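Both complexes below contain chain A, partnered by chain B and then by chain C.
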Partner chain A sequence: MINFVLLALLLIVAVGIMRLQDLFAVTMLLSIYGLMSATFFVAMDAVDVAFTEASVGAGISTLLLLVVISFTGRAERKTRHKPYVALFVVTVIGMLLLYGTSDMPYFGSSDAPIHNHVAPRYINDSMREIGVPNIVTSVLASYRAFDTFGEVVVIFTAGIAVLGLLSVSSKALSNSQPLNRPRGLYQQHIVIRIVAKILLPFIFLFALYVQFHGDFGPGGGFQAGVIFAAAFILYAMTFGLDAATAVVKPAVIELIAAVGVLLYGSVGIATLLSGGNFFDYDYLLADPIAGQHLGILLIELGVGLTVTCVMVMICFGFSLRRKAHEQKAVMNISERGPK
Partner chain B sequence: MELLISISSGLCLLVGSFICISGAVGVLRFPDFYTRMHAASVTDTAGMVLILVGLMMVSPDLLVLAKLVMILLLGLLIGPTTSHVLAKSAFRNGVKPKLTSNSNDQGGDTSKS
Partner chain C sequence: MILGLANTWVAIVLMMIGLYIVIAQGNLIKKIIGLTLFQTSVFIFYISMGKVAGGSAPILAQGITEYSNPLPHALILTAIVVGISTTALALSLVVRIKETYGSIEEEEIQAQDES
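Take a look at the complex of A and B:
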């Protein structure tokens, strides 16, 4: 019953997203959509996925979209053309997908292929082989470590791509005089600054808890990285970009993002060198279980580092570029002024 | 004792839910931005406190209780702050409260400024 209600709500929100023109409202609706998908996943007992969806879909992607909207303005541009071809393609593919679902097993049926292939092995043997109570973590970080490596590399590549599109030369930022701009909004909002100051340590602590508690409960590198990045972006938003870049320089963040991927990959190389397969943590230490624990800890750390830094990198990329725009505008005005 | 706790917990949950629903009604029915926001924020905070207290009474062990207390503190900090930020940014962007109810014009935002 609750599944039907949640799915109906998801559908309503999706239609609302399509019909609205105000991009700010659309972003908020996307956040609500992410939160409701997370609720839906909780109702289906997929707590780890729900956690990821809540932190990524409802949390940080909303934040990044808001940063983008501060660039582009909040009104959607009118499209003149009517995308009939796209509609046709989408309709045909949707029909095919609906046709395909008729072959799928019923929801929750026990003879579905997924319950007969590898899932019994994971459920029965993972405690003996990996020794980690959270099966999701042992699947993600040990049995399927190579796939997760791929995901991390994808995130890293996306970060580099965004950086390549957005990067401004540091020269353009540094050689201009510090501007006598009116005090920024963040300097006037004393309430939000105080509350952010109170909350930030706890958010960082929670991110660390999620990072290192992933073996025992829902959590892990992806979620922890996103929470950590969100806390850092909150700091940048409330105290200004200069304060945030004074804490960590953008170049350092880019370096750490690469170090995370490197750490993940080098764990795999280390297992190769000590005689096992790629990402076979049994060979890391003398005791296979301890080796598994160490391997999972290290690669989760790599994932967390990369995700945090890529998210912060994207946010900084947008903000620095906007700052460069503003400086250019101010300089143009001041050049034109005296004449 | 058991009975008393479960009854008072149920009462808290019920009142909290009622407050939340009344907040939703207020958001739909109130005339302008500020009263709507007021309805949403006050009732949300009060309802959240009551629901969490109701849950605390029936929490099985200390760990759950501690987590609920943390959620309560977090909510008490965040709820009023977000309402404050919302109201402040709305005021800065020129959203004016509707001051009179008996004036003839329906807009209410240009007549008194």
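Take a look at the complex of A and C:
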């Protein structure tokens, strides 16, 4: 029953997102939407997915949208034309899709085709073949490691593309005079600063736990990477971008993002060289199960490194660009000068 | 069981709300948010398919005989993180458009292109 309540709430929030004009309110609603869909995933037994959705949907994506809205302004202009055509198209497609559901298997039925193809093998044999209790980790990191490799490369590529679109020369940042504007969050709110300082070590520790406990419980490289990045971005928000870039230079973060993908790929090459197929960890060590454990540990580490660094890289990209803009605006004012 | 397909129907409605936002609303950030809704509806669809009535989370433990399907979980887990990366890419394009055109409203951008 709880899933119907959650789905109804999701629908209400989605309608709210559609109707509201204030982009700040829409972003907050989207964050609530993310958290509620994570709750729905828990109700559907998908604990790993819920973990990821909670940290991505309610955490990182909200932060990114807020940074972008601070660039572009929060008010949405009302469109003049009436959206009848759009309504028509959406209704027709929706009706066709609803018609298509008529021969779908019912929710929860165990004889649905999806449960009778490869899933039984994963559930029955993964303990013997991989030796890891969390089946999602076995599927993600071993049976379908090749897919996951592709996805990590996509994430890395997206990070590179954001960098290419948004990077500002470090010269432009350092040459301008220091800002003389009212400072942000990190200088005004002492309570937030102290609470963040107390929480940060625990968040980092939790991320490490999620990273290395992913074989046994919900967790793994993707979730840990996002949590680690969220903690680092929290640090950057509360103590300022300068403090964050002093801890780790952006160039180092870019390097580690590449090292993560490289580590993942090299495990595949290592399995090839020791006589197996690409990502067939059985051949890594003499004992196949130990080989599987080592392979999963290494590629989850690669995933964690890449995801963390790409997320931090994206956030730094947006924030540095915004800083350069503000400095440019200050310079323009001071160049015109008081007449 | 009349509600046997309710999860799928809700996923379709959410998907259509997302599609409507992408088509009808002129603000580029709102369009990206619409795409996010669209994406999440697919996640909800997949995860609902993976559920087995009476099953448990797919982490092997003693005393549990029935597990939900782990395959959609593994697929969607990675899709979420890929989704946020591509959303970030779209948002950075929006930032560049704002810098060049001074606006993120579709109509104003088109008006500038035509003039």
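Basically, the second predicted complex is superposed on the first by the 312 of 339 C-alpha atoms of A that agree within 3 Å, B and C clash if a C-alpha of one lies under 4 Å from a C-alpha of the other, contacts with A are read in each partner's own complex, and residues count from 1 in each chain.
Here is the rule we use: a contact is a pair of C-beta atoms (placed from the backbone, for glycine too) under 8 Å apart; a residue touches a chain by one contact, two chains touch by 3 or more.
Treat the numbers as computed from the prediction; the structure is a model and nothing was measured.
When both complexes are overlaid on chain A, the residue A:Val195 reaches chain B alone and has no touch with chain C. Touch criterion met: A:Leu30 reaches chain C, while chain B stays clear of it. Look at A:Pro288: by the touch rule set out above, it reaches neither chain B nor chain C.
Chain A is touched at more residues by one of its partners, and among chain B and chain C that partner is C. The touching residues of chain C, when paired with chain A in their complex, are 1, 3-10, 12-21, 23-27, 29-30, 33, 36-37, 40, 43-44, 47-61, 66-74, 76-89, 91-96, 98, 104-105, 107-108. Taken together, the chain A residues at the contact with chain C in this complex read 3-4, 7, 10-11, 14-15, 17-18, 23, 26-27, 30, 33-34, 37, 40-41, 44-49, 52-53, 56-57, 60-61, 64-65, 68-69, 71-72, 76-77, 79-80, 83, 86-87, 89-91, 93-94, 97-98, 101, 104, 106-110, 112, 114-115, 118-119, 122-123, 126-127, 133-136, 138-140, 144, 147-148, 151, 154-155, 158-159, 161-162, 165-166, 216-218, 220, 222, 225-226, 307, 310-311, 314, 317-318, 321. Listing the residues of chain B that touch chain A in their complex gives 74, 77-78, 81, 84-85, 88. Remark: chain A residues 189, 191-192, 195, 198-199, 202 touch chain B in the complex.
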